[in-house]
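There are two complexes below, and they share subunit A, which is joined by subunit B in the first and by subunit C in the second.
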Partner chain A sequence: MMHFDPMVPFKYWDALLIGLWMSLRLTLICLALGIALGFLTSQARRSRFMPLRALATFYVELFRGTPVLIQLFWIFYCLPLLLGFEPGNFASAVVALTLYAGAITSETFRASLKSIPREQYDTCRALGITGMSLALWVVLPQALLRAIPTLLSNAVALFKESALISAVGMADLMFIGSSISNRTGRPVEMLTAIAVIYFAVAFPLTRIVGRVEARILRRLAV
Partner chain B sequence: MSYDLQFFYVWQNLDKLGQGLVVSLELTGLANLIGLTLGFGVALLLRAKSALLRAPAAAMVEVFRCTPVLVQVVWFFYCVPILFNLFIDPMVMGVLALGVNLAAFNAEGYRAAIQSVPREQYDACAALGLTGWTRIRHVILPHALRAALPVLMTNGITIFQQSALVALVAIPDLMYAGKMLATETYRPIETYTVVAAIYFAISAPVSLIVQRIEARFDRVQA
Partner chain C sequence: MAQDKLLKIHNLHKSYGDLEIFKGLTLSMDRGDRLVIIGPSGGGKSTLLRIVMGLEDIVGGDIYMDGKPYILRDGAKTKIDRKLQARVGMVFQHYTLFPHLDILRNLTLAPVKTRGMSRAEAEEKAMGLLTRFGLDAKARAYPSQLSGGQKQRVAIARALMLDPDLLLFDEVTSALDPELVAEVEAVMMELAEAGMPMMIVTHDMHFARNIASRVVFAAGGVVVEDGPPEQVLDAPQVARTREFVERVFAKKR
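What follows is the complex of A and B.
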C-alpha cells in the first residue's frame, strides 16, 4: 500500500486554478452562445417552412444522439477544412461545445415554449403583435423564465462535458490535473482533488436549480 | 473546399469498427444491468427512514451526478488498483465505472417514480398485510418500473454514448477503433463521420421509442 499524502494537490493549487479558469471560461462562453443558438433552433423547429424545420430537427437529434467526444474530434478535424484555415484549439472547442449546448438548450426551450398558454398568442393577435416583436417581447421573456431551472442544469451538464476537451490537448482542469498526476505518480491524490473541485462547482449549482425551480413555480402559480 | 472525401479505407476496415461496436454494446448492456438493479437499491435507500442509510446513498448519487464521467472513469482506472491493491481486467473496470454512474442517475429516476406511486397502494398493502420485501417486489417495483421507464431508457442510451469515454483509457470500443483507424489511414474526417453515424443509428431509434412511450403516458394521464 502506497503512502497517501493529502497535501500533494495543494502544492499545485495555482496550476489547478488556471485549469479551472479555462474550464469555467469555456463553459460560460459556450453557455451564452448555446442559449442564443438553442432559442433560434427551437423557433426554427416550429417554422412553417419544412426544410428549415427538418434541418433544425436533424441538427438537434444528431448532437443529442452521438457522443460529445466524437463531436469534438470531428469538429477538430473538419473545421480547418470547412473554413480553409486553422482556427486554433480554443475556437474549435468553443464551436464544438456551443453546438452541443445549442442542441440540448433548444429542447429546453421547446418544452418551455409548449407551456406558454394559448391565450398569450390570441392576445398578441388581438393587439396586432406579430413576427419578430411577438417572438422577442412576448415569447422569449416567458420562455426564458420558465426555462431557467433547466438552463441551469444544462450549465452543469456543459461544465461536466467540458472535461472532454482535455482529450484534444486543451489545458483545462482535467488536463492539468491528470498531467500533474502522471508527472508526480500520485493519481489517487490528484484525481480525487480534480473530482472534488468539479464537485465543488457543480453541486452548489444543482442546489440552486431546486431553489429557483420552487420560486418560479410559485411565481407563475402553475 | 478542396478536400477530397474518400470513404474507401473506412469501408475496407468496417469489420474493425464492427468489433469495436460489439465492445461498446457489451459495455452498455452490462452497465445497464448494474444500473437498473443497483439503481433501484439506491433509490430504496434514498427513501429509508434511517439517516444512516439515506446519507451514503444521497452522497453517492450527488458525487456521480456532479462530477464529469471522464473524471470518474479515469479515477476508477488509476485509483481503484492502487487503493484496493486490485488489478482486474480493464473491461470489468469500464463496466463498473459506467454501471455505478448509471446507477446514480437511475436512482434519481426510480426515486421520482416511487414518489408517484399513489398513497392508496400503500394503504391497500397494509390492508392486505403485504409488508417488507413482498410489498417492494410485487407492488412498488412494478409501479416504479413503469413510471420510470422513459427516464431509464434515456439514461441507458446516454450510457451508450458516454461509453465512448473508455476509449481514452484504451479499451478497444467503437470510439477507440475509430481513433486507431483514423490514425492508420490518415482519414479522420471520413472515419469519424462513419463512427458518429453508427452511434447515431443506435441511439436515434431508442430516443424515438422513448418519445412514443412518453406520448402514450401523456394521453393516458389526460
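What follows is the complex of A and C.
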C-alpha cells in the first residue's frame, strides 16, 4: 500500500489554481445573473397577470425540485437541440447554473419582500410616497437589505454546487483535481487538497454571513 | 369660506366583514381644535384615524375638509381626494421609521421624492425640526440606535416636514416605556401651543385632559358624548360616558 504523501498536490498547484479560477468565475457570473433573474422572477410571481405568475412559479418549482446534476446534463444536451447550434460548454454551464441560482434567489427575495411590515406601507401612504417612489426608495432597499444574509448563503451554496460542472467536462477545480488524481493514482491526496481549497473559500464566506446577518438584524430591529 | 369646518365627518359607516365598527358616526372639527378620542378598546378609535388618513375603505358616509369633499363612498368604491389627503399627517403607535435610512433621510425622503423640494431645502428644514425637538445630534444616526421616545419624536418631525393642516396621533405613547412617555407628550404639547390641529387617540386620561380642547367619547359605533375635557372627563352628561370614565379613572388609582 502506498503511503500518504501530502506533498503531491503542491506539485500541481498551478493547474489547481486555474481550476479554482474557473470555479470562482463561473460562480460570480452565475450569481450576478442569478440575482437579477431571481429578483425579476420574484416580481413576476407577484404579478397580477396570471400566465406570467404561473410561468414563474413553474420555473422556480422545477429548478428547486430537481437535482442540479440533471439540470446541467439536460441543458448541455438539450440546449443545442433547442437552439439549433452548439452554444459552447462555458455558455451552457452559465445558463444552467444561472437558472438554478435564479430559482433559489427568487425565493429569497419573495421571503424578504414578505417580511417588510405592513405598517411601512401605511406610513408611506400617509406621507404620500406611492408607486415608483415607494418601490424604489422604501421597498427595494429594505428587501435587498433583508435578503443579503441569505444571498450570501446562496453564493456559498452555488460555489459548492459549481463542482458539478466537472461532470460535463468543464475544467473547474473539481475536474482538474480529479484528472490529476486519475493520472497520478493519488486520489486521497488530490481529493483532500480539493476539499481543503473549497473549504478555504467557503468557510470565511459562511463566517461573514453570520456577521452580516447579526448587523442587519440589529439595524432592522426598529 | 371661513365658517367651513376643518373636518366634517358625516354619517360614517365602516365594517370589517360582519363586524360593524361605525354605525353613522358624525363628528366635526374646527381649526383650533385638539380632539382627543376616548372609548372602549375595539371601539374603532384607531380605525377612525386611519379612515381620516385615507388608509381604509368606508362603507358609507362622507368626510369633508374645508367644505370640500375629501372621502366619499361612490357606488362600490371609496373615493379619496389625494390633494386633501396630502394635507393630513399621521403618527403611528410603532413609529414605523424607515430602518434603512438615517434620521435626516427619514425626514427628507417624502418632501424630496414626492413634493419636489430640493435636498438642501429639505435638509435645512429637517435640521430645524430636529433641533427644535432636541434631536439634532441624532441626524446621522439610524432608527435602531434611538430610544423609543426619540424614535417617536422623529416620527412626529417626519410628519411635520410636509406641513400638515391636521395631524393624527394613534396611541403614540402606548408602545413606550413609562419613563419615555413624557418627552413625546411634551413635543405634542408644544405643537398644541403652536396651534396645530390634532386628532389624538390615547389611553392616558391625564394627558387627554391637558392637551384636549374637546374630548369625544365614541362607543357602539357612534359619538356618545362630545365636549370640553372638564365636561366629558369630569362631569359627563351621558350615563354611558360616566360609566366608562369612572372605570378608567378607578383603574388608575
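Throughout what follows, the second predicted complex is superposed on the first by the 200 of 222 C-alpha atoms of A that agree within 3 Å, B and C clash if a C-alpha of one lies under 4 Å from a C-alpha of the other, contacts with A are read in each partner's own complex, and residues count from 1 in each chain.
Here, a contact is a pair of C-beta atoms (placed from the backbone, for glycine too) under 8 Å apart; a residue touches a chain by one contact, two chains touch by 3 or more.
Worth saying up front: this structure is predicted, and the values here are computed from it rather than measured.
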- Query: What is the contact status of A:Pro141 with respect to subunit B (first) and subunit C (second): first, second, both, or neither?
  - Reply: second
- Item | Which superposed partner A:Arg219 touches (first subunit B, second subunit C, both, neither) | second
- Please work out whether A:Ile129 is in contact with subunit B alone, subunit C alone, both, or neither, and reply first, second, both or neither. second
- Comparing the two partners subunit B and subunit C, which touches a greater set of residues in subunit A: B
- Item | Which superposed partner A:Gln120 touches (first subunit B, second subunit C, both, neither) | second
- Message: Under the definition above, what is the set of subunit B residues touching subunit A in their complex?
- Response: 1, 3, 62-63, 65-72, 74-75, 78-79, 82-83, 85, 161-165, 167-168, 175, 178-179, 182, 188-189, 192-193, 195-196, 199-200, 203-204, 207
- Item | subunit C partner contacts - residues on subunit A that touch it in the complex | 117, 119-120, 122-123, 125-130, 133, 137-138, 141-142, 145, 218-222
- Residue ranges of subunit C in contact with subunit A within the complex: 50, 53-55, 82, 85-86, 88-90, 92, 94-100, 109-110, 113-115, 142-144, 151, 158-159, 162
- State the interface residues of subunit A toward subunit B in the complex, per the touch definition above. 1-2, 61-62, 64-71, 73-74, 77-78, 81-82, 84, 156, 160-164, 166-167, 174, 178, 181, 187-188, 191-192, 194-195, 198-199, 202-203, 206
